[in-house]
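Below, each structure is written out as structure tokens.
Two complexes follow with chain A in common, the first pairing it with chain B and the second with chain C.
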Partner chain A sequence: MSDEKQQVTRRQFLNYTLTGVGGFMAAGLLISPLRMAIDPVLQPSKKGDLANVGLAVDDIKDVPTRVDWKIDQVDAWYESEVSQTAWVYKNEKDEIVALSPICTHLGCTVSWEGNDQFPNEFYCPCHGGRYTKDGTNIPGTPPLEPLHQYEQKVKDGMLYLGNPHPRGEA
Partner chain B sequence: MFQKLYDWIDERIDITPIWRDIADHEVPEHVNPAHHFSAFVYCFGGLTFFVVVIQILSGMFLTMYYVPDIENAWKSVYYLQTQVAHGQIVRGMHHWGASVVIVMLLLHTLRVFFQGAYKKPRELNWIVGVLIFFIMIGLGFTGYLLPWDNKAYFATEVGLNIAGQVPLIGDWLKVLLAGDAQIVGAQTLTRFFAIHVFFLPGALFALLAVHFILIRRQGISGPL
Partner chain C sequence: MFLQWHKKDMDQYLQAKEYIDTIVMTLAPFQFSNDQELIKLTYQEELLHIFAAEITRELSGRTVQIPAYHYLKNSDKEIEISRMNEWIADCKKQPFAHFFILTFDAAWKKHEKALDGNLLWLPSVQLGDLHSKEMQQYIREQVMQISELIQSYWQNE
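Right, the complex of A and B next:
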């Protein structure tokens, strides 16, 4: 065989051809299953409607109070009513604050004055995460960001809440 | 890059001889379609295996959405079929592939039968092949129930009653399969799912391994 031209040997040619054809077949086989498997990642995030939480604006106190309401949830083929919780109060400027009880550390549930040692704070029992009244995480405790705030509106004197968002994005 | 990676592994655990044993073997002239076109009949065994691989892959992916429960089985299949991108295609692969496996398997059996390739010393491999055939029938039967629609339900009703006709042990066999003496329901579905997804594939892998090792040991039967 001559060295001047880059000769492809029969063996190499067969190897390339078989790898190519095999790869093409494998790709044809796997493309649909893979697309199906990654479908949840490609779903657009759902915009939830704001729901009436059954609390009149006039009844909102200046101390965080736990509010529970139900929303209809569609989980693929399973539809159900699930319970939602918010800590709601009016701040000094008379604005309504509705905080999500989901700890921003690892997702446990916080409560207002959940620990007698820490009055006037939200407390998470899992790893001792703490937040001030406005939801700001206290430095030195596990959470790295403030409690999320619910999207909110007031209609006919009643409070409506939507999805929780990180502070600043609400 | 792949060559380097391969060399790195090969240097340490010496995989080339293993690879040689699996992939590098002579194909006799009489089974090579390049020499005699009629030799394409020798492809049916390999094609059966190829479709089995498709069945295994598509089946694995289908279990990401399927639920073996009488409340949700049909709904989850309907969701997969109507809401999930390419879900219809993957279920289609598994649905049609199931029939193609049986067709290929029968063609392979016919080739072995009419060429007399089952004769001494290959009787054992014929028996293993027949066992594989039974496993495939079992996979078809148990898989048929899983979508939990009317066709599935009544096909299983019929199949269970056929099982009930087996002399002496028929009644037990039927309860064993259905999980209940009267009802074709919750326990039947979970049993069929377990059999379809774990027990039969496990047996199939073992038998296929024996089938292939025996072919290697004994070689392909001579020309007619």
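Right, the complex of A and C next:
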């Protein structure tokens, strides 16, 4: 019993240490001196944190635009940089919408107007899945649920995104 | 879904086989003997791996990435080709219709016809920082182009 407890503690300790080292490395890789100067407390984003995706709110248009950024992901064995993507736009109510590009069928990356035959829709190149601008899946195509939505916040005029959630839970 | 040569990915593959008809494999030289080549080779290896992973991610619901194929630079191409074709034949016992081979090595270009897969040759890249903004931008653009190329094969079915 007490043995087990100790093991957990040691693993936790290792975990903290590894995260610490990794975080430090990622900071070196990702953050330019300029950004450091602007925001000295800018932390490398880990899964779960909201990350600055490098897009100013004023630059967000009403047409979905692809945004790519990186986060740090740690699992039991590897620490890796994982690319993230979102389709971002402002809707009629001037609210920011950030949709996950991951097709809810089998996970290919969807594109806004990815197929000339379907203007004004998201299109999945893998099995022809389609979604309307707000991410709703179009019946008769393979996906069975809407595109997920990113947790979001705006800070100092910049867009921050976190984890994607199924619509309604975001 | 993001299918690489991992157990958890194959668990998923087995559930969704009928949708997944495309394989991506990287093809790269290996050697340890020459100091000068070491840096270039490992750099290209890393870059190629990033390309393959990003493409697999982009097209994840239909694409699997299998282990890389490595060869000694001066090995007999005929032998390597027949081994690769055996790999391909084995894969095609599953419902795969497309097999893409990603490489930086232009030497394969003239053997393209003998391969039972589609060779996608990428022009090699100057040594640089894989994590720089410029490199990420470059990789992104290349990945989009390769992904479009693969989609064009899908459309010609």
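To be clear about the criterion, the second predicted complex is superposed on the first by the 123 of 170 C-alpha atoms of A that agree within 3 Å, B and C clash if a C-alpha of one lies under 4 Å from a C-alpha of the other, contacts with A are read in each partner's own complex, and residues count from 1 in each chain.
The working rule: a residue touches a chain if its C-beta (ideal position, glycine included) is under 8 Å from a C-beta of that chain, and two chains touch if they have at least 3 such contacts.
Predicted model only: the values in this text are computed from it and were never measured.
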So in the superposed three-chain picture, is A:Pro125 touching just chain B, just chain C, both, or none of them (first/second/both/neither)? second
See if chain A has more residues touched by chain B or by chain C, and give me that chain. C
Answer with first, second, both or neither: which of chain B and chain C does A:Gly140 touch in the superposed model? neither
Give one of first, second, both or neither to describe whether A:Ser83 is in contact with chain B, with chain C, with both, or with none. second
Report for A:Asp68: first if it touches chain B alone, second if chain C alone, otherwise both or neither. second
Please write out, lowest number first, the residues of chain A touched by both chain B and chain C across the two complexes. 29-30, 32
Contact footprint of chain C on chain A as seen in their complex: 29-30, 32, 68, 70, 81, 83, 103, 105-109, 124-127
For a test of understanding, state which residues of chain A touch chain B in their complex under the given definition. 29-30, 32-33, 35-37, 39, 42, 76-78
In the complex of these two chains, what residues of chain C are touching chain A? 1-2, 16, 19-20, 54, 57-62, 131, 133, 136, 140, 147, 151, 154
Help me check something: in the complex, which residues belonging to chain B touch chain A? 54, 57-58, 60-61, 64-65, 72, 75-76, 78-80, 83-87, 89-90, 93
